[in-house]
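By letter and in written order, the chains are A, B, C and D; residue numbering begins at 1 in each of them.
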Amino acid sequence: MGRVMEGEAVDAATLRRWLDVLAARLSERADYLTQLDAAIGDGDHGINMDRGFRAVRERVLDPGNEAPLDGLLKGVGMTLLSTVGGAAGPLYGTFFLRMAAQAGAKDRLPAPELAAALAAGVEGVRQRGRAEPGDKTMLDALLPGVETLERMLAEGRDLASALEAAAAAAEEGCRATVPMVARKGRASYLGQRSAGHQDPGATSSAYLLRALAAAVSGS
Amino acid sequence: MKKLINAVDDVVTEALQGMQAAHPDLIEIHLDPNYVVRRGAPVEGQVAVVSGGGSGHEPMHNGYVGLGMLSGACPGAVFTSPTPDQIYECTRRVNGGRGVVHVVKNYTGDVMNFELAAEMARADGIEVEAVVINDDVAVQDSLYTAGRRGVGATVLAEKLAGARAEAGGSLGEVAAVVRKVNDNARSMGMALTPCTVPAAGKPTFELGDDEMEIGIGIHGEPGRERMELETADRIVDRLMGPILEDLPFRSGDRVLAFVNGMGGTPLIELYIVTRRVARVLEERGLRLERSLVGSYITSLEMAGCSITLLRLGDELVRLWDAPVHTPALRWGV
Amino acid sequence: MKKLINAVDDVVTEALQGMQAAHPDLIEIHLDPNYVVRRGAPVEGQVAVVSGGGSGHEPMHNGYVGLGMLSGACPGAVFTSPTPDQIYECTRRVNGGRGVVHVVKNYTGDVMNFELAAEMARADGIEVEAVVINDDVAVQDSLYTAGRRGVGATVLAEKLAGARAEAGGSLGEVAAVVRKVNDNARSMGMALTPCTVPAAGKPTFELGDDEMEIGIGIHGEPGRERMELETADRIVDRLMGPILEDLPFRSGDRVLAFVNGMGGTPLIELYIVTRRVARVLEERGLRLERSLVGSYITSLEMAGCSITLLRLGDELVRLWDAPVHTPALRWGV
Amino acid sequence: MGRVMEGEAVDAATLRRWLDVLAARLSERADYLTQLDAAIGDGDHGINMDRGFRAVRERVLDPGNEAPLDGLLKGVGMTLLSTVGGAAGPLYGTFFLRMAAQAGAKDRLPAPELAAALAAGVEGVRQRGRAEPGDKTMLDALLPGVETLERMLAEGRDLASALEAAAAAAEEGCRATVPMVARKGRASYLGQRSAGHQDPGATSSAYLLRALAAAVSGS
């Protein structure tokens, strides 16, 4: 694994690739996410995410859209807010809106600022949903993911390998939701019966970081 | 999946168009974003009442738009709460200058989407007061969880708050009615069969031929407990027990009993349920003051029922009897 | 068989008891023989309207008893026409001195049982005029057969004749309204799923996952044709074709469109059906003057729908809009 | 097969045995009759007949009931009328009421009079239902059955063997309904689709005559 490269940064094109990879992944895994949600929720998470990211593709990833980096992220946030609905809509919508606000008007986002933008997004999810780690939600994938990213970058790792580790941490966090008893969201209605199932939102969150890693390493 | 639909993506829009065709005198629909408002909205000088939620619970909420009930309703995708832009636009559209009450069922998604919409509307200078409904005793209540779901009491709150608004109530007064209903109502539901979200194409859970789910919500989510099918009377007793204890209702109380079908339950069965509900009330010394029997808050084609009891005082009885004219509830006019 | 019932033999009686508990202000039930009458019956000096039929079609007929609609209703066993003694006693009970109109759906059993009851009532000096409803275009009409079934038009006839009776119409005038409705209404239905008569314990027919029955009646009987499931729009077109041709309806006609659910069909689907019905009417130059959308004449938990079109003149519009106050239909009061 | 016995007749006790055998048979075959009715009707014929004859057992066959022969038949007719419902209720109700009227107030019904009473019952069914032979109804069993009985008695046969032949003719008539296209009753709604199924009412009518044969030969 390499060391941090001076001036390493992502641009709008990389973010677009990220969103594209993520949209494809969500569409591919829509049935699976919906199945996970059917077990402990209402069986729509895959449908919701796929609907939202199909809209992102149409409205934001349109080649004619020349929005700058933060405009891109804001567009994603607004699109998710107005098309996903349910719990995931406001949460992922807030995630991207906060990312955009933190990123600011720049052409390129240096690695630490990308991490800070992701962290701001996660903080937005936490505030909006008032969940804590261990509540069996998307936070259980996002938090360890972004913390790992920040730590690796602080340790001087290059962005691609730091994101690779972050995605792995998110996936581990996602798997760790299996034994948890949900305290937030629809799954909490099941009480103890929610244990033994993987959280759908944590799963889509792990896809989110995995897609970012793929987009950056492929660049 | 067997449904009378054209394409899974068009279900909500086409149903709205059908509603418009059937009730041109009562409602106006708006597409993209989707919402339904009372014909001729806004009613100037009147507090508006807006609700919304996932589709698939028809007639809730669209069917309750009209005189003496909702000013507007925002249907999300099936079982998915509506988005802030829908709620925001609907809120703007129905605001008659005296503010808008949001009746929100307690689901994480609904609460967050309504919160965002209220923030947007307030930024435009519209007074918004949101009240959350959480009457489902099947869910353990706790400070550390999402809390109880909003179910049957929502329909009653919409009727009663709408009556208060129609009678000229202030924003605070109308919101207070919603809170009063929520404080005095308790519900619990059960399912004999699951239901199928059109876009998912398969049932949200599986139930054996001899099984039922007790304590289900209205989104095809599994319930509190799966058990062997029982007689209607035993099932009613299972639902009534937690409801009666939770408030608690006391001998002498006057109640409105709302016996609700989940969408696929024939009315004849709901009346068999009602019979037992009335007997249990009698045994407990409760007075069956008003009743509502039918499929009013549903989960697509799910078979099953829910029971809601609302403790009534004179004010709520008066508001209940006040005229209402909507596609799904109508009297006094 | 999954049903909210206690014992198969008690279904009808217990549902009646539940209705009584829910609607003490509207109806009085009588058990053994079973019938339901309007509270305070007879209404002296008013022509009475009585109908009846097998149970399992709720809210028809019991749910239509009250001001401006039926004076009495006689529920038989599930899908089995009532017996002469029920109809006879009910007829006696509601007779207000100006005679009784029997609204009879055209099934051999119903016709014979009502005939026997009318003979008995006439022997007591009660004037009885029976009108048979036969609006189902799915059935080939012929002099040599039992003829067409009575389906959706029955609900409309009961509403409209009840309004005429409430307005002081004579026996002949009230019966004439029933005949007018029957002459101007046509219906056709379809099923996505069969239903299960409680006492039988298994579905009356089997349908594959991809199949539907077109031209079904309301007794869980098989239809005219079994075919592959289609979109809602195609299904509506299949039902509307024979309906529109049979009367025939002509460009410029005003119609009431009655989109009916068979019991297990969610309302959201009925509105998708309504959307297409409205479009077909528009294409044909017919004016959608009034509509009724909901599960009003059902086959237990069967999923499916029926469509009834009634050609309206001024008299029928006026009678439709007249006040009605029954457990299942209410407006203007 | 014997020749007619001078003074051969049935009494109330024989009729009670008939009704009892018939009630037992209908209860035993209720599911089968209902199945037949489900195929071309509404799936209730067995339920209806069983409900009616359970009531006959309770109300008419009660050992305390000392009604004379015609009173017995009238009681059966009234009971069926008020408990069976559907098409079968008025038809079988009329059958027994007309039988009672034709039989008159007697202690014993000589064989020809029994046949005449049965024929009056069948004529009642025909008038009430306005069906013709070949319409795929109970008439298609009752008519050949009773005609056979009358013919055999006229030919001098003893009652037991005449009834045996009548029951066999009814059964044959019943089987002959299979290819028929129904023109009366609920099955007529099916048009051509009603062909290929045995008529439920013809089946219960065949049981009726078979039970009578059994009751008489067992006496």
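Assume a residue touches a chain if its C-beta (ideal position, glycine included) is under 8 Å from a C-beta of that chain, and two chains touch if they have at least 3 such contacts.
Everything numeric here is computed off the predicted structure, so don't read it as measured data.
Centroids built from CA atoms put chain C at 29 Å from chain B.
In terms of their C-alpha centroids, the spacing between chain A and chain C amounts to 55 Å. Taking each chain's centre as the mean of its C-alpha atoms, chain C lies 33 Å from chain D.
The set of chain C residues touching two or more other chains is empty.
Residues of chain A found to touch two or more other chains are absent. Taken together, the touching pairs link the chains end to end in a line with two free ends.
By the contact rule set out at the top, the touching chain pairs are A-B, B-C, C-D. Of all the residues in chain C, the ones that touch chain D in their complex are 33, 54, 76-86, 107-109, 112-113, 115-116, 138-140, 144-146, 149, 197, 199-200, 204-205, 217, 219-222, 224. Across the complex, chain B is touched by residues 34, 38-44, 47-48, 51, 81-91, 128-129, 182-186, 188-191, 193 of chain A. Residue ranges on chain B touching chain C, taken from their complex, read 2-7, 11-12, 14-19, 21-23, 55-56, 58-59, 63, 192-193, 209, 212, 229, 231-233, 235, 257, 259, 263-278, 288, 291, 293, 295, 298, 300-301, 303-305, 327, 330-333.
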